[in-house]
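Same chain, two partners: chain A is paired with chain B first, then with chain C.
== the complex of A and B ==
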């Protein structure tokens, strides 16, 4: 058993937890973040990549709209390397109420969200694949953000301020004594070792898993209602700006250009278990139909991958009126002192990735209040490491980098232009990573071939590096291919079937199915 | 006018065209892309897994279910086709229909195949063999350390064990390159100068009687390149196939194409055949998308050798409907439930068994067993009822069905 002692333990390595641990560390507290898996493996890694301008909420949720507009500016400034400032359109499609655009413009003016109506011809000139039947178009400052880079950026910033980030550490119990938190018990999943972290404060940032975590402290049940949303990545950028339907927020009304793909989203279905999110055929068809409204011919485009995420919605009648100071629309801080008579724990739920920094500020402010301390939040002022220049991401960045180093390093993933050096550096930085963990940071296997060429290269390199035995490397490859398939088969049609068949022939040439079996299958 | 039009230039199309031309028929071969040979391993698989590892492929052929393409072709067409390939391409294919080679792959599996290139067969795994697997730093699709370690921990099909180690050679295909393609290396190995440089770099690293495993890039146009290198090294060498582009596959493709041209097959590359016409229930012509209005090719007989999903011969649309894309032929294997499932390492996806069913003369049939068109034949990956990459049976099915179809057409037209 290993022991640590810190001021604050942050549970959950999504955007909220990463933002919180950064904020806590910047305010001078010693802190540890624990997550049962890798950073950004839950909801944060399973959204569409939209950095809201606020436009989506100008009519339905004005407070959120203002928050989004403000936070969009801040995130673009402090995490510029994770953000692409694509801009966006809200368009009135055939059959949509054209008067909603008037409400939209009025709402934007009232909430401080920048918006400007442009002519249909200008919109179609800039986005030629848009439905030519649109009747109105409003330009907004939507952008896209890479959730994994956002989380890793915040986590690295926190490390810089002395925090420790412990991935693959599953919390088993939150110890209490005399009505106050005393320690967090975890299992180090990679070593099978127990870790006990003595602390007086726990910030529960578990998102859809927040209820399960609160229960570990013996708190009254926190009712989390995970809302499942599916997203589909289409090959290429069908649009270069975020395109939203100019309607009251609904399913399948956003198309987001992210890196080399465009992502259509999303649905909202209540589910019981955030660990088991199905990608239902009817929802896939619903997304394809929705895509067809925005971009005619959408169905004939190539779908690459689908995934489902769970919104972290907390429905809790026990949140008392005294908490509202730290609550705003869409996010909620639960004070377990007033609610459960338990000191030293706060839970946060709701919110959205765009406002992750603000959520962190709210919950850490609340913690400082409870501790009776005045420590100022500085997260909005300082850029995270790697974003100091303020230069935002461009889709062409990797191409420029590979042009630069093409005589120095091999290209291991042609689809996503990932070099051997990028892969080796990431392995060295995270020696215990699975290929999926590396994928989230490098986009390994996320392009059209979905691992057909790069998966065996990654295996060979990981093994040649000496860190893994052939058996371990082979087991990681088997897991990687299995996980790729989870997001492939629900959307497998058209050109992607052709790719899958080619991949199957390649794997037959290599006979990967008959590599000597590992002693035990790797499952995470 | 040709008497027969063959559509598709994979192994099935090339064998069919050659056999028909050999029988004295005027043949036109239409093809859109490269043909599947250049994407495969460059050996001839007949039956590798059924589902256990197959030692005697022709015996496995004789034991298939009635829905399998081999049931339509019969074992004799397989034997006929294999004998034909060995006879026509003696420098490129050797082997025994009754005994698979068991050859190392580029990740270190042991892969069964029936006919192999002479440059590959020293790799056939044997108890007590000592192998040294040679990587080239600038060639990213070959992992010598992984090959060696996986082979070393493998119990061989005969229960034995071999030992394998790895070494590296640092030699760019062209000066300054760090990321050379297999084709770049194959062209380099075609030159004596590069073989000398390679042998000079490798020789000091070799011990005793070690058998030397190399990535399959040792020469593209010079069929003796590998023998020359082996002589220079003074060791037995063997080539291990890589992912596409496949140099051994390109060798087979070049040889079969050259043979077809020599037999007066008219080859029209780079054209997609997209339409057809009928007269009195027979196929009268097919039309390619070449130039305005396309170009029409009438014939007495047509061979559909367009492949499967990988080539676009079969298509699954976003509403989950499968279609044969040229003739809209009736398909077997659809409508029996879900086409796909989520278990990647589990049973074969039913989708990939979908294809056309044929009668005993290799003509596509409707659900009642009647030929869709009396003068349309099918061969290769378009056939229903097998999963070539899972059984490692794709080449054998292609060759046997092409031989059987060519025989039926020859009989019909003469």
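== the complex of A and C ==
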């Protein structure tokens, strides 16, 4: 058993937890972040990639709209390398109420969200694949953000301030004594070793899992209602700006150009267990229909991958529990002292990735209040490491980088232009990372071939460099491919079928199913 | 973002098309099989070009109205990748479009000049002997290389003292009768100014067969501008040419001995530049390569095969732009009707010139390396004569192998007893 002692333990390695541990560390507390898996493996990695301008909420949720507009500016400034300033449109499609655009413009003015109506011809000139039947178009400052880069950026900033980030550490118990938190018990999943962290404060940032975590401290049930949403990535950018339907927020009304793909989403179905999120065929069809409304011919375009995420919504008595779309997106900090008579723990829920920094500020402010300390939040002012220049990401960046180093380093993942050097550097920095962990940082296997070509190359490199035995390397590859296939089955139609057929021939030729195995399977 | 400079060069329509064209949608069909990379004649000889799959369906996913991968200019636009792709990805078209976007801001003077084929012809014809001598003069060519970047050893068009049009107007007009009716002849710039003999022989063969041949006044198809990324000028030229050719008469078959210009009218103007015009569709469906036309006659049992024997073994090279038309290799099938003649298919992918690619000083060596197997094959097969359907390819083969290279119509003309 290993022991640590810190001022604050942050539980949950999504955007909220990463933002919180950064904020805590910047205010001078010693801190540890623990997550049962990798950073950004839950809700944070399973969204559109949309950095909200606030436009989506100007009518339905004015407070969220204003927060989004302000935080969009801040995130673009402090985490520029994770953000692409694509801009966005809200468009009135055939059959949509054209008067909603008037409410939208009024709402934008009232909430401080920048918006400007443009002519339909201008919108179609800039986004030629858009439905030519649109009747109105409003330009907004939507952007896209890479959730994994955002989380890793915040985590690295926290490390810079002395925090420790422990991934693959599952919390098993929150120890209390005399009505106060005293320690957090975890299992190091990779080594099977127990870790006890003595602390006086726990910040519960578990998102959809926050209820389960609060229960570990013996708190009264926190009602988190996970709202499941599915998303589908299309093979290339059908639009270069975020395109939203100009309607009251609904399913499948956003198409986001994230990196090389465009992502349609999403649905909203109340579920009980955030660990088991199905991708239902009818929801896939619903998304393709929704895409067709925005971009005619959408169904004939190639879908690459589908996934589901769970919204971390805290139950709000004002709406029915089954209608998660209209539950407050606003963040809620739960004070367990007043609620459960338990000192030293706060839970945060709700919110959205765009406002992750503000959520962190709120919960850390609340912690400081409880501790009776005045420590100023500085997270909005200081850029995270790697974003000091303020240069935002462009989709063409990787192509330009490979143009520079194409004679020096092989390209391993051709679809996403990941070089051998990028892969080897990442493995050196994180020797324990699985291929999926590396994928989230490098986009390995996230393009059209979905790992058909690059997975075996990556495996060979991992083994040839002496890092992994043949058994470990092939086990990692099989795990990687299994995870890719979870997202392929629901969209196996059209062009992607030909790819999977070819990939299957490759895997069969290489006899991937019968490669050497380690005695115990590797952890995901 | 479109800059004013880009608009000047490409035109609003061409640039808009290059940004969101049909060929971009075709990248969805790519399964990364790499067949195009194994067939690409350029990446086989130089690491400077990253290859058709890389530049085409892969890099295109990273483009958003700009082309940051300048090495794509090493693509010769030969079109082999599109031809061999089993999935229907328009790889060469994607590359041509990306190049047009990339060069739009800083189009080199050379690339503007060598697209002006009519200008070159009209300037050189009146001073043909001087032009011929000048283009063979080493010091002059060195200056040309330094100033405008055309390699000193690259093949140049052979200036002629008389244009095809001059010959056609001045000769005694055939009196008829014309039992087979009327066809229109499209000579192309090279066939008008430089490859005058090819055009003459084509017309004489057609007339021998019993056709009345009309030659309306005609301009350039714009291919050289298109392949250099000058979409605006090329679009204007190709549509003007369609008007010219249509003026000769409705529904008449249009025949050309200029294989590459025929390809421009048949599919390239539409697929690469997005020209979507009834006039182009009309001309594109009526036009035939002359050897394709003769083969169609033969297939219909209408081609006289009273050919005089030619005892010869001759190498034949099918040019890329002919292969891209999806008509097979009609020249081989027609030539094999001549008794005594053995036609050996080069089976080479490309001669290297790819229109104007092999002229450029930075690409000359690559183009020579691409064509090397072909040059060797030609020399080994017949040191006296080789056959090829397109002009710049003939100039390249002749210059690099030292073997006289003619259009296949030469032997048809001879076998019919016309020469």
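Everything that follows uses one rule, which is that the second predicted complex is superposed on the first by the 507 of 524 C-alpha atoms of A that agree within 3 Å, B and C clash if a C-alpha of one lies under 4 Å from a C-alpha of the other, contacts with A are read in each partner's own complex, and residues count from 1 in each chain.
Everything below uses one rule, namely that a contact is a pair of C-beta atoms (placed from the backbone, for glycine too) under 8 Å apart; a residue touches a chain by one contact, two chains touch by 3 or more.
Computed from a prediction, not measured in an experiment: that's the story for all the values here.
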Touching partner for A:469 - first (chain B), second (chain C), both, neither: first
Partner chain in contact with A:478 - chain B first, chain C second, else both or neither: first
Partner chain(s) touched by A:417 [first = chain B, second = chain C, both, neither]: second
Touched partner set for A:128, first chain B, second chain C, both or neither: second
Which superposed partner A:399 touches (first chain B, second chain C, both, neither): second
Touching partner for A:502 - first (chain B), second (chain C), both, neither: both
First (chain B), second (chain C), both or neither touched by A:448: second
Greater chain A contact set [chain C / chain B]: B
Chain B versus chain C as contact partner of A:409, first or second or both or neither: first
First (chain B), second (chain C), both or neither touched by A:276: neither
Interface residues of chain A shared between complexes with chain B and chain C: 406-407, 411, 453, 498, 502
Residue numbers on chain A that touch chain B, as the complex places them: 285, 288, 299-300, 303, 406-412, 420, 453, 456-457, 459-461, 463-464, 469-471, 473-474, 478, 481-482, 484-486, 489-490, 492-494, 497-498, 500-502, 504-516
Residue ranges of chain A in contact with chain C within the complex: 125, 128-129, 235-237, 240, 260-261, 297, 301-302, 394-396, 398-400, 402-403, 406-407, 411, 414-415, 417, 447-449, 452-453, 495, 498-499, 502
For the chain B and chain A complex, residues of the former touching the latter: 36, 39-41, 49, 53, 105-111, 138, 140-143, 145-146, 149-150, 153-155, 176-179, 241-244, 246, 308-312, 315-320, 340-342, 344-345, 349, 351-352, 388-390, 392, 394
Partner chain A, residues of chain C touching it in the complex: 16, 19-20, 24-25, 27-33, 47, 50, 53-54, 58-66, 68-71, 87
